[in-house]
């Protein structure tokens, strides 16, 4: 994965296989998640009613669970779909949005982590620290935190939950508990668009749907998002700000190819 | 309807009358539905709480029911609003999103079709086949299927439910059970934007709100969407992909006029 | 506030303090509310589950309550968060979307107004008239009404509920019960985008989070939206319509500065 060939190959597989990505996600960014899934070449379905959630998962090649606008109504659907995904052996991506902000989110996130097996756990530093039981000065869901301890916390949580852990921020850290990848890509404007984290989940799920290597899939998804942020910024005119950047991000994902990916060398894998 | 004069006239009536279109729809594309309704010149209202749904329908000139993110919470609102619309004699458009994907969706769709009278039933080939009781290889809500049997199935369902049936895809088929219209318009990028089907419902409803001829209204709505897809594509620059196309689609609808519609001759009505 | 210095200073404070704005809002425009909050420099959080709503409010510097897609599920969360906000002394902005359209909305709006103390009540003329108990010919949520009585009704409601009342339309009226401000800014295309009212709430809340002067905060939020509508229109090309205007609006907010604000002189404060 030091070079970008793996990402290109996985991208081709997504476009060839059009995997179905089942999302149980928040109402804020649900449209962006659907559109970015289509843009990368996969197929989205959103269904959060417990009466059908597990059934819908039977058709899917990956599942995303996101607690951004968590409601008691959808928790049973998350559990049912997650269990079905685990039975089928398809990857499940978990985004513990704002987990440090309320005891309710922490309780539900812990319940999900103990009941289900996730392939990938992705959050910002505050969320990952909160899950690790560390102090954090989170305020809501877009809060930052320094990335100093990111590597050790990511490794620790990856071992505890037997999954890939991704800590996203200015730089992204990905670990399987032993190996660690650092991804240096992106643009500060990504933090001015709501849902870039949620959209990253959809990308990771799309990549994870076509490979059993969740570590590479996570790197691929995060690199695709970061690189697209750079492309999006490069195409802005002077009167274009956060609104256009958001749209250009979807443009860049939909036009992602070996040409546009080829600015690489910024993924570092070590142990 | 072989020429485009009818569509132009209906479009002027929408802009003059600004009909209120009540939507009970999914959370994925609800914003796009509101915005495309405004773009065509009508007025959207979204209300899915049973405590007020029927009351809201009393103000409306058309109703859209869409089961894209179906929940047990909103089914009673769909029934109550649908019954009110039937009493008032305003058109009801039904989109059985993903109906083949789960028994829950099929059960609810059948219940709605047996309880309410719809003016227009619009779906993709997989959805329409599933409703007709035919085998389908649907996977989720964006799945394709060949359009070979579209005409006969559309006719059959139109007779069974006494409504206009529209099967949308590369080409759109519209039937009232006897007449059939084929609409050749659109662009492949429409399949890369989530909710173009949902948005078509809003357009059909806006046209149906100003004429008692639901067959023409359905053709008008689908042609407006397809033609706008062409215009949207024509205005893209090389670095603009699915994100910008989505926005240009709304642009084209909001600027629709006799000038931009005048690329016609691609609506064929036969029996 | 006759000049624009106050707005510029408040804008700088938002960017410096990044206040957290808790929204309990509708599902139609929730994404736009999150993005415009980020665009102005504040931080959004959306949480409408009663299990955590009040807890989330403890982290916030302002709260927005919007009944656009009101459901019985979220009313207890509105009450709990509103009471917490009142205890903490942070501003609460209330948008009684479509209040005249159904008895359910009127009953809940009245309950909220009697239970909670709002800093700002913002609606269109139909909504404000309905709350004042006057006849209105509202049809749904985007309906217009003449603004003739706006000033006296705004004053009356402001006294009754001890809050700032804003009546938005072609011109915006803001009153604290004694003083009245008229804001002449904006563009007709703002009425062709769903959620410009909702987005205004987010802007007002962002300004109100950094000053105890809710009157100035309301003027600042509405002027920022109106001025951005003008900028958004000025940057449109001939084939760009409502879709692009919507995006340019977010662009203009994210690029708002003393330079772009400096077209002033159109805020008139009198008594």
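Think of it as A, B and C in the order they're written, each chain with its own count starting at 1.
Here is the rule we use: a residue touches a chain if its C-beta (ideal position, glycine included) is under 8 Å from a C-beta of that chain, and two chains touch if they have at least 3 such contacts.
Quantities reported herein were computed from a predicted structural model and do not represent experimental measurements.
Although chain A and chain B share one sequence, what matters here is the overlap of their interface residues, and that overlap falls short of half of the numbers used. Chains compared, chain A against chain C: the Cα-based superposition rotates one onto the other by 120 degrees, nearest 5. Centre-to-centre, using mean CA coordinates, chain A is 32 Å away from chain B. Listed for chain B are residues 27, 31, 73, 246-247, each touching two or more other chains. Those residues of chain B that touch chain C in the shared complex are 20, 27, 30-31, 34-35, 38-39, 43-49, 51-52, 55-56, 59-60, 73, 231, 235, 246-255. Chain contact summary for the complex, chain C toward chain B: residues 26-29, 31-32, 68-73, 98, 101-105, 139-143, 191-195, 239-244, 246-247.
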